[in-house]
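As structure tokens, the structure follows; a few thoughts come after it.
Chain nomenclature is as follows: A, B, C, D, E, F, G and H, assigned in order of appearance, with residue numbering initiated at 1 for each chain independently.
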């Protein structure tokens, strides 16, 4: 219930077209009214292209496909399924037409139409980090951004990283994916001027403690400009970069 | 040493104006050359206004003032001192003219000149979180952004948060500062469309474990769009938002 | 051996119907007598309807069914089996007649007869939390309470929660089930006046650390009125709410 | 802005005493209106006697006194200050008349008028736990409940606990405060039928890890019926028991 | 109320000297009766010499002295005060005559009279562990045991340990006190045949994490025969060895 | 090479039956000689009945059987296999004659001949703790002790524990096995006078953190007289009680 | 591209054999040139024999074989595959001729030709630690070192360790592999004069917490001279000892 | 008692100069004989120059000075005091002549005479790490090595690190000191060929958790060749590098 509708209601009351008690009835769901803006916000979300995602881990393929289909009906995309094993992916593809499957990223994507004038670079060190990096890259592409992937640029071989410096200094956002000692975001944040969204991965063993080691390292980055998402959360990092892109778009459009 | 200078050098060699051994001499500092862009980057940093900061904790007032003065000589500001107790602040103010002191934020700031066309909102729940929130706000202002502060908008009283929704939906970045259960960024990320940079604080006791509780909560936000910095790191959150602002500026300037 | 039986025994001694040594013989199990009230308490438990439960995890279906049958013989219900996989459930159902099976809650229930004049609301955020929420709801129903279930009311979409405010402010107890950042109980405790029993779940990944994140968040709730049970312990939360209901019943009956 | 005031406003509109635009003006703060119920709730809180509390740790005596005075002006009490050292307590007492000081509980209380027909028993094991137990007891008394204190009833000397069994089985709620191994709530929950609110304390050393040991023990109670609050949070436990009392009151009043 | 008193009571009832209701009155405190043996046990404790101890940490000197005096009045010793700083010690010595002070062990002891035919060896590695080792040694002496102290026998210089092998193989119990890597108990348990009671200390820094490192090491001893007490709990280790001694005494006395 | 053999060798040298160089040859393995007492100790171990044990977890059945057979050849028993699954047990039984299998304890035992005049009571709370309790009980029996098992005596139903008090006060050692909140050893140590060896189990879920909760609880026992072994280490607890028994035997034999 | 090649290129430019633009083309990969020394370093690595390794965990056999083959093509060995299960090993052996398989070490090795005049001793306590110890030993052999393996020299039987003292004091480096309480490196560091590289293993259960216990113990070694690698990282320890060997070689060659 | 002395003893026995029982008497202290080599080893330690160190933390200045003096009497140096505050340092300097004080390193050193033909580079990132880095550098110098210090070479400014590459590739050992995210050793290990001894520092705040973050990062280094010592343990890292130097010396001397 927005301002115009309230004004109309008040006019009706003033004009005697609506009684006080009827008006009260309309306002009875005040909490809903209160939340109106918020509800609208959800719809706007879908319109602006923030990914609705089905987290498939712990769901049966059928459950995942059902959830995906429900989202696909309501909105215009992109719709994403993350942590989707082969069985989830094929179940979703069989249920919803137009879905694109990504094996390494373990994702199924129903593409949207929005495109952002924004460029994000997804960087990872080892091939073991690829599933998480791909989850970030595929999500970012689904959100409409231009994505460049850099692989095998771990800090143990700095020259490989330095070789890409010109590119890295040109993009709007860097998503840095790393397991083990998680040093990549610190090194990157000292080399670029855009925000670095760091994704620790659970790759490693022993004292990596399931990703705790790179998580702590990234939170303690000596180079400012780094912000961190949950372990293995490539999707989350891409959404942060997508919000950044959308804000950019909005501001550019204002001009 | 950039491409043009190398081409010129090679031409000189080809023309016999420079001997092979002289050319080798120039290239002798190849590692430096390799790092040249990086070094330049540091200077550009200063030019673009990313805060150089003196972390005062564990330093004597004299040490802090000396470090601050050194940075102030080299650059044009802003220069920041963080975690500066009263003694640090007065030592710095006595050493460097033009410094502005901030008691709650525990900071000393030598202002810079750059202004960003960017608006960041620093939100915190309790008055105990104010020092961290102020560190973020003062840093963001020093970086040239417009800052709005919202206080006392904890999740235990949602209506106070909802009252500021229109503002929150208008800014370019939200910095959400919270201790205890750290729920504020999750709630905010469901209400706004810009990135939410979350700062857990060490406020609390018992099972807060020095900020571990809100840190984990923020990393596990059910609402995507949240990225997290270190516990009590208001400065770091502001720098991330500043990189975002600078990127925005750069892209707007391209137009 | 209760007070009446002791009085009778003493009368028999006084009347010479029982010798002192015979009486001593009866009292030989003094530790049992000492514990008499406690033992009686156990029986009263069964009478008052506190659920006896078989925790099936780590038991074979046969073991679970045997344990369930033993409890079912001794008492009049409700008897509950929790963490019961399909095999456990069918083994129990084949062994004890009248058992009702609950797939999502992973439970088998032999209903009791007691009804409480008490209303509990079981709230959860995500569908992944449903098994824990259902364990709470089914247990609360077995204990005789009226149960309302609210799903999908996570803090990332506050309007969905606010829509149920009138209901939430009417019930005697709220059981709030949440994984990830576990913010739900804090938000709820600021909106209702009854106790909020919080159940962290192990839903999540990475820095959720098997439920540690929401557990810490709930213990640090900025809104007072929250008390917490073990991770995934829907059964335990329902029993706390059941004790509350029984106390209410007892006090209402006193009038 | 509550229902009556909205109805009055609508009547004024209907009667032409208030123009539509003026009414809109009143409703301009719609977000506030949206939150009206919530805001009202806060006021009701004060009326129903839930303690507003000033957490003094980390505040200067002057800050604590100012905060306390602000709350005291707005409401009718009880107003509580917790974690109040001697200096906090005397500053508060000098600022607000009628305040009662509690040394062991480290509290200052401006009493309210409401009385609950509810009886809570605060149990603790060692004298070291007394400050936390007293915080619970004083808070519960401030909330209007009848409070019985049991001390020195640790599980290392069970007979002392068993001696109080009749009392323990009669009260509406037990608040069990314990450090070290934190076994008291488990033992109690097997002996009583009302809810047991457990408060782990930071008393202990070494592997107590600042209260982690009793916290984990209480969360893993083998006896159902236990719910846990934060380490050393006597205030929080009392508020939970107070919500229970208020609910009881409300239901008794319905009769 | 023991068996004889119950028999006498029953005889009185049988003889008509006591009415049934009077007998019931006597038995009214059944929980006390139930706990009778336990209460007696406490007294027997004092008789058998298990130390009653005042833990001084967190107590004022006056509080410690009062508690100590109360114990000293009721029993015949030994009475111990542990973690007693200089102020605690002198307050206790001024309050209770006959108290012996131990500076390194941070203890005050009112000696008892019982002597055990038992020999315990308290072993520690570094001088930093001495306060904990002395707490164990002084407690064991207070409990009546013969105590031999071995210092500077860390595993980094095995020959020093091997030099004492004949002694170590002769005693009834070894108390092994160690911080840092806590390897001493494992090495000892492979060399002796009596139980090894291990005491981790908080000596160390960094990854010692306040005694966590030696605690975990001792719990994981590759040599069976080791049991562990809390970090820095020299008192507790001595009490365990004292129980062993008393059991030995009891069995030897049976012969 | 023991004292007698060295004396004989020296006599042979003195008598000219062995040359100095031959004697040197015999002593060539001086490090072994140096360790002679230790080596002898190992043999004495076998003679005195301390169990040699094969830890089967992580071994194939064949590997376990081979290791078991090797130990069985060298010594006279008891030889124990712990954590032996069905396949391990049958492989061992087929390889070594005379082995006794224990399903619940997951053990295979080649009995020894030594008997101790010592009585140990193995107490556990829940049926889930039985495998660990049985590991302790079977090991203690293999070491020659008389073992009484008490089950279902958790602290949630104290009367069951109190009923066994006379027995518990008569034994030489109590092994207390408990998961969840691990309160059993604290309660027991307040009721008996012999040492209580506490075994935390990994039984539980959520905040039990694989046995961390009862481990910490047991280390923080408010009742002195408790010493703790590793999580699930029933074998280790029994060996400690066995060392105690052997010491008792040795001292009784001295008389 | 090394110094000689750059000089040659410059000569060609000077001589007119190569045009400036062609030279620029060669230098086009300036970032690589910038990193030239680093790249050369990689090649030198291969020449000097530092193992390139394929970490097979989480890779399919085909992926592992492909990665191994790629490394084998580029360099002259040694090439190592670690954490290689049977399937990985046979896939690699079928793909690359000349590979040697190691079952216990779970490795596949393509031998190199370099030999170091260096002797490393790999020591472990239990047979369960053998896979990690073998990974260290096989890697060290592949790196060209002479390796002696000592097994079953745990601290619970010191004489076995002392028997090898002459050998241990002769080698250039000791790699000490231990799980459980991890005391071996501390004991060794007190007996030898060379560096001790400690490898904690995940062998153990309960409070071993996946290798945390020995890791902390080793970091807190009371004997200086110990440095630690990640849990189960036998490969890493061997590479450290290999760097030591190579440095030794280099310095010996200088003479 | 060494081989010669044993041979002489045997000859005496053979010649009748010593009786068998007298010889047995001499051999009675066999454990001492066993430990003879080890004892000698200690002396050799002093001779070879491994630092004996007094850890001053937790000691009074007088205690530290006494311990230092005792070591200084027995050996010829170097003798080191670490963690020595100003008071410790002056107390030591007043007690032992010839001591050199180091303020930043918090050390007092009595120099030794031995010099190693070895070069170690101590690298640190921030000025806050200087005390730990200086502890390493001063210790290494005391052990006779040539030491180069590199400061301010954090990974946030890679060019500063790359500038020192030629030096770093020339030394025998790198000691890398870093707090915060601890990325420095990983980066270094990818650039040099000698061993990298990593020292995490407790510098940082929040999620640095007292040095846990860099500790875990360093243990998980993606570049092999890194071994780690305890948090803040500059002394320990230097001793490891010293053992390496001594081994080098020994091998060079063999030539």
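The rule we apply is simple: contacts are C-beta pairs under 8 Å (C-beta built on N, C-alpha and C of every residue); 3 or more make two chains touch, one makes a residue touch a chain.
Since the structure is predicted, the reported quantities are computational estimates derived from the model, not experimental observations.
Chemist: Using each chain's Cα centroid, which is most distant from the centroid of chain D?
Modeler: For chain D, the chain whose C-alpha mean is farthest off is G.
Chemist: Tell me, please, which chain's centre (mean of its C-alpha atoms) is farthest from the centre of chain B?
Modeler: Of all the other chains, the one whose centre lies farthest from chain B is F.
Chemist: Roughly how far is chain A from chain F, centre to centre by C-alpha average, rounded to an integer in Å?
Modeler: Averaging C-alpha atoms per chain gives centres 56 Å apart.
Chemist: Could you please state the distance in Å, as a whole number, between where the Cα atoms of chain G are centred and where those of chain H are centred?
Modeler: A distance of 24 Å separates the two centres.
Chemist: Considering chain E alone, which of its residues make contact with at least two other chains?
Modeler: If we look for residues of chain E contacting two or more partner chains, we find 31, 34-38, 157-158, 162, 165, 190-191, 206-208, 212, 215, 219-221, 230-231.
Chemist: Per the touch rule above, enumerate the chain pairs that touch, sorted by label.
Modeler: Pairs of chains that touch one another: A-B, A-C, A-D, A-G, A-H, B-C, B-D, B-G, B-H, C-D, C-E, C-F, D-E, D-F, E-F, E-G, E-H, F-G, F-H, G-H.
Chemist: Which residues of chain H touch chain B once you look at their complex with the stated criterion?
Modeler: That would be residues 127-128, 157-159, 162-163, 165-166, 203, 205-208 of chain H.
Chemist: Can you check the complex and tell me which residues of chain G touch chain A?
Modeler: On the chain G side, the touching residues are 29, 31-32, 34-36, 38-39, 42, 55, 57-58, 67, 200, 202, 210-212, 215, 230-233.
Chemist: Under the stated contact criterion, what part of chain H meets chain A in this complex?
Modeler: 125-126, 154-158, 162, 179-183, 186-187, 189-191, 204, 206-209, 212-214, 216-223
Chemist: Flag every residue of chain F that touches chain H in the complex, lowest number first.
Modeler: By the definition above, chain F touches chain H via 3, 6-7, 10-11, 13-14, 16, 19-20, 23-24, 27, 30-31, 33-37.
Chemist: In the complex formed with chain E, which residues of chain F make contact?
Modeler: Result: residues 37-38, 41, 44-45, 48, 50-51, 53, 162, 165, 169, 172-173, 190-191, 193-195, 197, 215, 219-221, 224-231, 235-237, 239-240, 243-244, 246-248, 251-252, 255 of chain F touch chain E.
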